[in-house]
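Going in written order, the chains are labelled A, B and C, and every chain counts its residues from 1.
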Amino acid sequence: MHSASKVLRVGFSRFPRVLSVAMKSTNVSSNVCSETGIGTLMMSRAPVNGLNYDFLKDFREELEKLDQDKACKAVIITSSVKNIFSAGLDIMEMVKPEPKRLRDFWLSLQDMWNVLYTYRLPTVALINGHSPAGGCLIASGCDYRVMLDKTYTIGLNETKLGIVAPFWSEASYHFQPASIPRFMDAFVALVGTRQADLHLQLGTLFTPQEALKNGLVDELASSEEEAREKSVAAISKFLAVPGFPRYMTKTSVRSQITARFVDGRDNDLETFLNFVQMPATQKTMIKYVEALKAKKPKL
Amino acid sequence: MHSASKVLRVGFSRFPRVLSVAMKSTNVSSNVCSETGIGTLMMSRAPVNGLNYDFLKDFREELEKLDQDKACKAVIITSSVKNIFSAGLDIMEMVKPEPKRLRDFWLSLQDMWNVLYTYRLPTVALINGHSPAGGCLIASGCDYRVMLDKTYTIGLNETKLGIVAPFWSEASYHFQPASIPRFMDAFVALVGTRQADLHLQLGTLFTPQEALKNGLVDELASSEEEAREKSVAAISKFLAVPGFPRYMTKTSVRSQITARFVDGRDNDLETFLNFVQMPATQKTMIKYVEALKAKKPKL
Amino acid sequence: MHSASKVLRVGFSRFPRVLSVAMKSTNVSSNVCSETGIGTLMMSRAPVNGLNYDFLKDFREELEKLDQDKACKAVIITSSVKNIFSAGLDIMEMVKPEPKRLRDFWLSLQDMWNVLYTYRLPTVALINGHSPAGGCLIASGCDYRVMLDKTYTIGLNETKLGIVAPFWSEASYHFQPASIPRFMDAFVALVGTRQADLHLQLGTLFTPQEALKNGLVDELASSEEEAREKSVAAISKFLAVPGFPRYMTKTSVRSQITARFVDGRDNDLETFLNFVQMPATQKTMIKYVEALKAKKPKL
């Protein structure tokens, strides 16, 4: 597990692009191997695959495109950015936000999650870089996780960032269990209630070995090639099962988590909007962004 | 884990008896040892203990009889059919079904499960043969599981069979989390959410060693005698505890799963009836039965 | 795991004090280390830290006092009674009870639990003695558990005591899943559903090694000093995380359990009151207390 200072460096996008010039093709792209039928969804938003509105929208649209491509039988989600799977939410979406854009941003995160977690085709996260916060969320939405056994880390480290995410806002102090979408539910399902309680509180970033031991990833690989082979091997197991009953089973096993998500998303949106626009929150985030700008990139 | 082709051979009864001549005494019988107070519920419907209406009704009635027998302190559930614990639902109940019979069949499964999962006395599954699908369900409804460490397998392999079970029907695509009885809940409780998500999707049939490692069974035994000894030893632990508080605790720990089952059973019944009677479903099953008939039995 | 007879000796307070002379200062006290900011909540009600009304009220008030003490950053909960962390509920509260007092007693348990399980500061249970029943409950309400690796045991052994606790009453036979506060939920969250099902039924008292293996405690220590060092080390990890998001995360992860508790507490209270005042229950408890009085203390 890593120190808080290290975490801060990979928790959010450090050099977010100007939002209006986001280029779809460079955010997220996909292709389908005509031989194997395996689609690859490639995250390519340098420098850290920060999740902004355009990225999330592109991510979801590429997923939907692959779903409708008859040649596509399964999807591997991975990154073309060196040493980064995804560093999570793009903080620039939340600094001095324009209200409509802020709403659209959060809706795009909810929509992406909804599509990913209940996706019809088998999904494998090939985690080839750091995967904190939203990066871990994307991985935990897949059916299987293969991680490179390098110096990368993975986890929901939001507490350590000290930037309060929506389900941690003052507003949620008076907690409304039925109404808070819980992106963390998928994480809890992977590592179990006890370890989730501990490591969500601590904001732990796991090494690959720790992630394997805790059930957060399913396999490790020593190289990108081996990771790809293991991902393909996992997919072949999924594809040995008739697709429709497999998908219905996936939906059924995940139905309680999905129901909580669906029931609570409106409330979650309002909580998020209120929280982000509080002066205290803005102050914290502006300070954070300034600190990031003062640092040299070292990843 | 085993191949889909192997799975198909043990997933359903291959030589179902003519329904109308089912003999109670040969389906399920029970006796109570006057020395130990241990009742044995014996499943004896050759060739594979296929769960048809009569079997399920007899199973439940024998359980209820043992419950009311003052001499009976605990129950071991096992099979007299060589190499088979139970191969699950009898597909003949679902092929060209008579509507009333179909309804009664599904109700008999629901009733059996309800009685088994909330049974007053301690129950041990002595798994002395293959235990796919409904066989695994019966085992997972008990308080303790001892499995013979032979070439047998156990698991909920319905996805691999490709015959869509009720909670996987098209109708449940628009999922209704509060209203779908989830026979799989007990399985999830045993192996944990992550492994359940994976192995229910894959329709994994576990070897005894894998089942032990995943928590699906509690102990292995190298012989029928050892399995019996371990079952009796487990029962003696349960009987060291006053019966009423033990039973109330069992009820309480299982109350969420039981509540979901009870709340959703009407909806589950309708979903099942609609699904089974769809032309596409009938076509799949008729083809399946014809394929089985063309094969020689090899178990 | 230990025999029922041994369990009986540590399951309830054997020499309860006269209720009306309970002295606050000797029940529960607390101090805050000015150097580290670590508060210690000391349970000191000889001979077994039996949880009676005054103890529970004092426990809660000390927790609240520490919460409001700006110098206090985290709390270690431990015992000054030799070989006993806490032996659980004081049976004298339930023998020939005065109705108002009985109600207040149960409310004080509910209130204590509510404060402990959702406590703002990090909490570590330093389990330096036997911890059956209510003792295990207190430990399971903390964020982290360090146990001395001696001949002590820990577990929810209520079934073995044969004294039916509220959620096991005849009244709860017709179970009401949404309305029964489940003190056991925190235990289930720690050890997992399967092991909870088994060990709550069996009333298992775990050795420290078994408790560690099952996730009921997080670390063992060979001496009181080492236990203290490990508790402080755990606290330093919690304190490395900004307090507010950590607390919100704790609240959120525990929200389903807390919601069930809050929703069901009125019903739980009535069930408890009805049950305890039944003649059969009184008879059992009076017999139990007489048996205890006839024994010499040997702890």
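In this text, a residue touches a chain if its C-beta (ideal position, glycine included) is under 8 Å from a C-beta of that chain, and two chains touch if they have at least 3 such contacts.
Worth saying up front: this structure is predicted, and the values here are computed from it rather than measured.
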{"item": "Chain C against chain B, contact positions shared by both copies (same if over half, else different)", "value": "different"}
{"item": "Superposition of chain A upon chain B: rotation angle, C-alpha, nearest 5 degrees", "value": "120"}
{"item": "For chain A paired with chain C, centre-to-centre distance based on mean C-alpha positions, whole Å", "value": "38"}
{"item": "Inter-centroid spacing, chain C versus chain B (mean Cα positions, whole Å)", "value": "38"}
{"item": "For chain A, residues that touch 2 or more chains besides their own", "value": "192"}
{"item": "Chain C partner contacts - residues on chain B that touch it in the complex", "value": "122, 143-144, 188-192, 215, 218, 237-238, 240-242, 244-246, 248-256, 258-259"}
{"item": "Chain C residues touching chain B - in the complex, by the definition given at the top", "value": "4, 158-165, 167-169, 172-173, 175, 177-178, 180, 182, 184, 188, 192-194, 196-198, 200-203"}
